[in-house]
Amino acid sequence: MARSQESALREKLWLWLQLSPVLLILAVLFGGALVLAVVQSLGFAPWFGVNTFPSFQYFGALWGSASFWESLWLTLYYATVSTVIALAMGIALALALVRTFPGKQLYKYIYKLPLMIPYTVGIALAVIMLGNGGMVSRLAAFFGFISDPSQFPQILKTHAGWGIIAVYVWKQVPFITLAIYAVMLGVGRETEEAAAILGANRWQILSQVTLPQIMPGVVSSTLICFAFNVGAFEAPFILGGGFPDTLPVVAWRYFNDADYTLQLQGMATVVSIALVAGIILFTYLAIYRRFERKIGRN
Amino acid sequence: MTEVRLNAVQKRFGAFTAIESIDLDIKSGELVALLGPSGCGKTTTLRMIAGLEAPTSGEVLFDGKDVSDVAVQKRNVGMVFQRYALFPHMTVEKNVTFGLDVRGLPKQEINERLEEILDVVQLNQFRKRFPAQLSGGQMQRVAIARTLITKPSVLMMDEPLANLDTKLRGEMRRFIRELQKRLGITTIFVTHDQVEAMELADRVAVIFNGKLAQFGAPQELYQQPNSTEVADFMGASNIFSARLLAADRAEASFGIIEITPQAGLTTGADVHVMLRSEGIDLYPQAEAPQGTQNLISGQIKAREFFGASVQYVVSAGGADITVAEQSRRLLDVGQPVILSVQPDRVWTIAR
Amino acid sequence: MILIVGFILGPFLPLIIQSLAFRWAWPDLLPSTWWMDQREISKLPLAWDYVLSPYSRILEATINTVLIGSIVTVICLAICLPAARVLARESFRGKSAFEFFLSLPLIVPEAAIGIALLMIFIRMGIAGSYVGIIIAHLIPTIPYMIRMLTAVYQGLGKDFEEQAMILGASRWQVMRLVTLPMLLPGVVAGALFTFLVSTNIFLLTFFLGQGKIITLPTLLFSKIAGGTLDASAAGITLVVTLPGVVLLIISERFIKEEAFGKGFGN
Amino acid sequence: QDPAATEFRKGFLAGSLDWSAVAERAKSEGTVNLYYWGGSDPLNVWMDSIVAPAMAELGVTLNPVRITGTKDAVDLVLAELGSGKMVGEGSVDAIWLNGENFSTLKKQDALFGAFAPLLPNAKNIEWDETDPRSLLNLRDFGVLTGGAEVPWSGEQYVCAVNADRVSAEDVPHSFDGLQTYLEANPGKFIYVKPPHYIGNTFVQEAVYAHNPDGTGAAPFQQSLDELGAAELARLIAPGLEYLKNIEPLLLGGDSGTPRYPEDSNALDGLFLNGEVNFNCKFGLYAVATGLSQGTYPEAAQEFVFPEGNMIKNKNYLAIPANAPNPGAALVLADYMSTVEAQISKLEFTGMPAGIDPWLLSDEDAAALAAASPGHTGLQAADLDANIAPDTNATLVDVIEATWLEYIERDSTDSIETIVTRAAENLNQ
Amino acid sequence: MTEVRLNAVQKRFGAFTAIESIDLDIKSGELVALLGPSGCGKTTTLRMIAGLEAPTSGEVLFDGKDVSDVAVQKRNVGMVFQRYALFPHMTVEKNVTFGLDVRGLPKQEINERLEEILDVVQLNQFRKRFPAQLSGGQMQRVAIARTLITKPSVLMMDEPLANLDTKLRGEMRRFIRELQKRLGITTIFVTHDQVEAMELADRVAVIFNGKLAQFGAPQELYQQPNSTEVADFMGASNIFSARLLAADRAEASFGIIEITPQAGLTTGADVHVMLRSEGIDLYPQAEAPQGTQNLISGQIKAREFFGASVQYVVSAGGADITVAEQSRRLLDVGQPVILSVQPDRVWTIAR
């Protein structure tokens, strides 16, 4: 006899017992909320006197309207543009951080500040800096470029969304920098040195040796940022350009509508957000996994 | 190919001095081993030669020219890192050709050189694998191939064999030596294992605490260490304090022993005498040779069987003398024995 | 670099000015009337007087934020430690599915579950209560914590725990005497990050707090929801920034970057 | 279901309970959870520094819950009722509300009952149906209050102008005048975005002013059922057309979508920075308060706009059916109806009294008048002369939905179709 | 102390079979080495004995009793891990007493035992240090002390010396052997280094690919390997195919050689003959001994100097024969030589 069946069972039980609190919270609350959102979006809401489960009328109405697609486009536009910009800046900064330069110590302090404070602060800063009545506009007036706030190029409250993007970038660059920097420290500089000795120039080292090795950091930090950006509410709500709004704001407006049946429409909206985020991120992950397999990680 | 010279090179990291001052003169095509305990500054020395680290003072010369201002990429050196530093995301092939790829050599030539070097290191069937799928010895060979393919004029290897098992180690040693001799590349390698240094190198530089302790051919280091530290580090087991009674006689605790006279040592001087364990003959008391010099009688105190050899500890006149014999016969612990050593196998070092 | 520092710190300058202003209209570069000038005249507390008074609820929000953040961190740590250990060490059926499930909250936006969660909480009677908020905060923080701790565990190696077991230590002793102290850097980093995420959560707190429980992000949101910033809002923004600065100092002092970002390796 | 609370509710509403019994119960309950819009600093200060201590004297701890949208509280009450939390078991004791939110609670039968006339201080409020001045106490956006809420504050929709930027003769007094002004000065006006009630009110005023029958507010006092969707559509169409037409002239309208502010604070900001020259919102004394807070430009002045259609209404405190502390809620409602509470409120926040001055002693009435911050640019009489009533709450939702569809979302459907659809949805 | 027995123990990890089936019988107080190449299953075997891993089938017996259901903590085994696994956050003292502390022994007793063991391992002056402040050998000793203090009845060590340099390794070996003999604890240690196994163990178990290849005393393994694999792994360098011409004569490519007759091998059988490189005598052609059996003439093809010994590769009749000599004289490459080997040093293994 190896180890008795009973003790094997005990092992198993103990293992799942250790996982159970986490499982419980995520399955019951997170999973539960997700399921509830889905069934509601499919017409199950007896508490509003609606029960047409399962019916796709809410999704139908939602996806059938042009404004949904505009909103979706807008949501993805903000999320993508800001993630891409933040990523580019994050990588550049992380690369810079590995080297030594004067004032690095102080700089290492400061760059993380946005990471530590809520998005709402970033929004407040955007308002005070970038608004038509904001600081930049005032400086422009001071130097005589404009004579009325309306002449200042619209940054906030437009569908071009540069204000929203600025806030996301401001907040997420440090996060991405940190993630990539940490991965870089883990990778170490030996392979870079090896490449230098083998005659690679700086650009070749970066593109052929460094970047492929920090991919895991790049991927997971983009993943997290993009998902957040798709689902973010406060920045597009405060800084957005009004109708059409991003999907989370649309959902919020549905939930706040006097018409309670629109709650279900709202549920359909949030489920759509989850779907869209899910699909995009999984595609991204799938592509990345292929890349990883190609370079021999597993 | 290239002659490498370190001129009073010193290296400090902040307040800490890693290399005090090293002069080293490596001939073109020579294979030099840097030998020393952990932390003595071997890696640092290599890195300065490669240009990965700038000396705090002193100069590094290649063929007589100061290379301070020559970038790493331009020095045409090769380096095999202690932990190989293979690119984990590239196949064996890609790793090996990396140095040529970045130079933008024609595909044709790259392929030819690749085939050639893969044959040499016998990695043909592993060419599509990634480093994670290789064994330690194979990784080692990839690291070497990757370096050699660029035809560096100076090749450096940082403890290239530290992570391999005895058998693989032996194979790799032979492989490296053959290759180096064939290509004639000036080679410097780091090790903390004296056997490895002896086996591979034309000359060995022993470094202690950032200082060059001795630099010479393996046999010279082995037989004429210039200090007890070097002797000890080179595996000498029997070092005893003694006093010179005459130019050719010394008195140690186990008795009087005849030695080869050595210049600079005068009668009455305090010295160390060193008897290599494998330089001593051991006889059962009954079989003791007659008329030979330097007979020491003692008793076997311990015995160790190593397969190829047997090692005895013999206690003689209050001293423990280690004797190594090839394992042809076995003597038992407690047996009285006679030790015999030729005067020309006793080394004397001033105290 | 100077540009970046400007990008990060620059906006705080007008914020400080605004917080001291009484009336600051376009295109003035400095307020036309400062708060100090009006302070005596005004019947109501203005600017910093308001921010620092109990009326602004800033103290309550700060205490709530820190309290909730701390409790969330402690609970999160307590439940994630064993789970991370299992994930790093054991292999079992359904492990990859489980890992995937664990990272779902990173992908599914808070907005998608907020309202449904509120419904569940109202039914359970914990909407607008600390318990509710704390539980809700666990959802987005668990994935981060698990990732970091798993990475740390993997780095730690089994040897130490096994050695301790062979030396006769019980599971609990192993945890207390060996694992925890050795995991400490990772644990501290994970805890800090969890705290950070928790104190940054807006939407879930906003939905589930029901206005009864305010934290710094929700307080600030209510002040700036319209898209303008008066003196008291500027003051509150500055106060909301403070814990972040403290956190920054703590993290710089106690945590190496490596540990901080460990969870993002894969 | 909490039997004691049910008992208490029955007894009080039947008039069989002594006020002292209520006060006693309030003390034993200990707290009262008041949900109110927390977006105004002065109001918050008043609530914490005046109301809370006053309630403490009555043995009740005030728990002022600041919410960002009144609907949140209404939703909470309904959700709790939906999950079976009955009398005495909810979490909301009192809500500051009016209009559609009250109407919703009433429709869902989620109110405590006709408590208002039973409060000791109900004597300060006109309940006499025969007196036309009692209108706003008995009807809230046209919906009968039935005593289920107590008037707490009065309001009037007043516009302010930045006199530094607009000369007196350019100040518009009608919607046509506004259009003319905007054609000359595009982008210098904006109103708060519906469904915010301040935005809704502006839309209502536009609709009144463009009533094709010329009957102003009158037809909008009927409920949706009485009026019918088709008739409503006919009545509001010109007003909405007007609003649609001026969109390109509004702030940011040149870019296609005007930048409607989400609330009055945002509008104040635009006004202060000179991005717009006018600021229309509820606030009889808004200019005075804005000046004292530094949120209005120094040259801000009130002006009459739109002539004859400046909506005046009241807002109220309601007690939900499942209030956990009904006794304390009653005590709070009663306190809010006292003269001193109303005076301090006026002083702190500039919010006009909810009680009726003609029922007060001369002394109290004078004190109340003295507490008012006063007007800049016009007289109280000018304002009184241009009053219009609210729109019926059941219509508000439809008009609001129509605005969202027709103006915000640029629907190509006819107004009639939109109104009909919205009416149907809301009736579900 | 305790007799350990593995009975047809098998271990699978998922689909992969790490241990096919091992029977092992370790006497009380014996020192057994598990020897084998990387990945052969040594660590797995130890871990099963310790209870860190449950066998897939088969049983582990301590003194004849099945311990399957005895938890790790209760088995009273000690284990020294490959990399020591010292607790980095505890001082030497704390590390050493850990096992007693968790058992809640009285302070008094803990202290006594601590003093005692610190004396044994000579770490008295390092007691307040943290592991990071120790050298490799000191760490090793702490690891051993930590294990011994709990008085385990079975002591296991997993490649305890893999990371030490040659000198330290030798010291540690001696230290471990002395200690083990003195305390008489049943000891099992893992190594992939045959010299280490030979030097330390009473008996050596050679494991290849999860199977026990041979189990016996070092000398037995060395001199009578039961397969060429074992022979090869035990460092034999000269293995040639041959055919038995008679019970005591075999024909190999380099000529005919006399051997010791071996039971079970008949004339005409295909065999391997094995000549240990250190069992061969080498003479310059001129000095060849007369009248001796088994003389093979050849020419020196390569020479390696190892310090203590010299190794020659002699090519003879198309075969390369490796010969090891203690380094007393040096012969040159190309020199013709005569090899001589005693028949009782030629081992024959059936093919």
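Order as written gives the chain letters A, B, C, D and E; numbering starts at 1 within each chain.
Simple rule for what comes next: contacts are C-beta pairs under 8 Å (C-beta built on N, C-alpha and C of every residue); 3 or more make two chains touch, one makes a residue touch a chain.
Bear in mind the structure is a predicted one, so any value in this text is a computation, not a measurement.
Counted as hops between touching chains, the shortest connection from chain B to chain C is 2.
When the C-beta pairs in contact are tallied for C-D and for A-C, the bigger tally goes to A-C.
Distance between chain centres (mean CA atoms), chain B to chain E: 25 Å. Centroid to centroid, with C-alpha atoms defining each point, chain A and chain C lie 16 Å apart.
Centre to centre, using the average C-alpha position, chain A and chain E are separated by 57 Å. Touching of two or more other chains is recorded for residues 25-26, 119, 221, 225-229 of chain C. Contacts with at least two other chains are made by residues 79, 83, 262, 269-270, 272-275 of chain D.
In chain B, no position touches at least two other chains.
Residues 157, 159-160, 162-170, 173, 177-178, 181-182, 184 of chain C are the ones touching chain E in the complex. The touching residues of chain A, when paired with chain D in their complex, are 47, 49, 67, 132-133, 148-150, 154, 157-159, 237-238, 241-244, 256-259, 261-262. Contact residues of chain D toward chain C in the complex are 33, 35, 38-39, 41-42, 44-45, 48-49, 63, 65-68, 72-73, 76, 79-80, 83, 85, 91, 261-270, 272-275, 292-295, 297-298, 347-348.
Of all residues in chain E, only 50, 52, 72-73, 77-79, 81-83, 85, 87-89, 98-99, 101-103, 146-147, 150 touch chain C in the complex they form. Interface residues of chain A, counted against chain C in their complex, comprise 12, 15, 18-19, 21-23, 25-27, 29-30, 32-34, 36-37, 40, 93, 96, 101, 103, 107-121, 123-129, 131-135, 137-139, 141-142, 149, 156-157, 170, 178-183, 185-186, 216-217, 220-221, 223-224, 227-228, 230-234, 237-239, 247-248, 251-252, 255, 263, 266-267, 270-271, 273-274, 277-278, 281.
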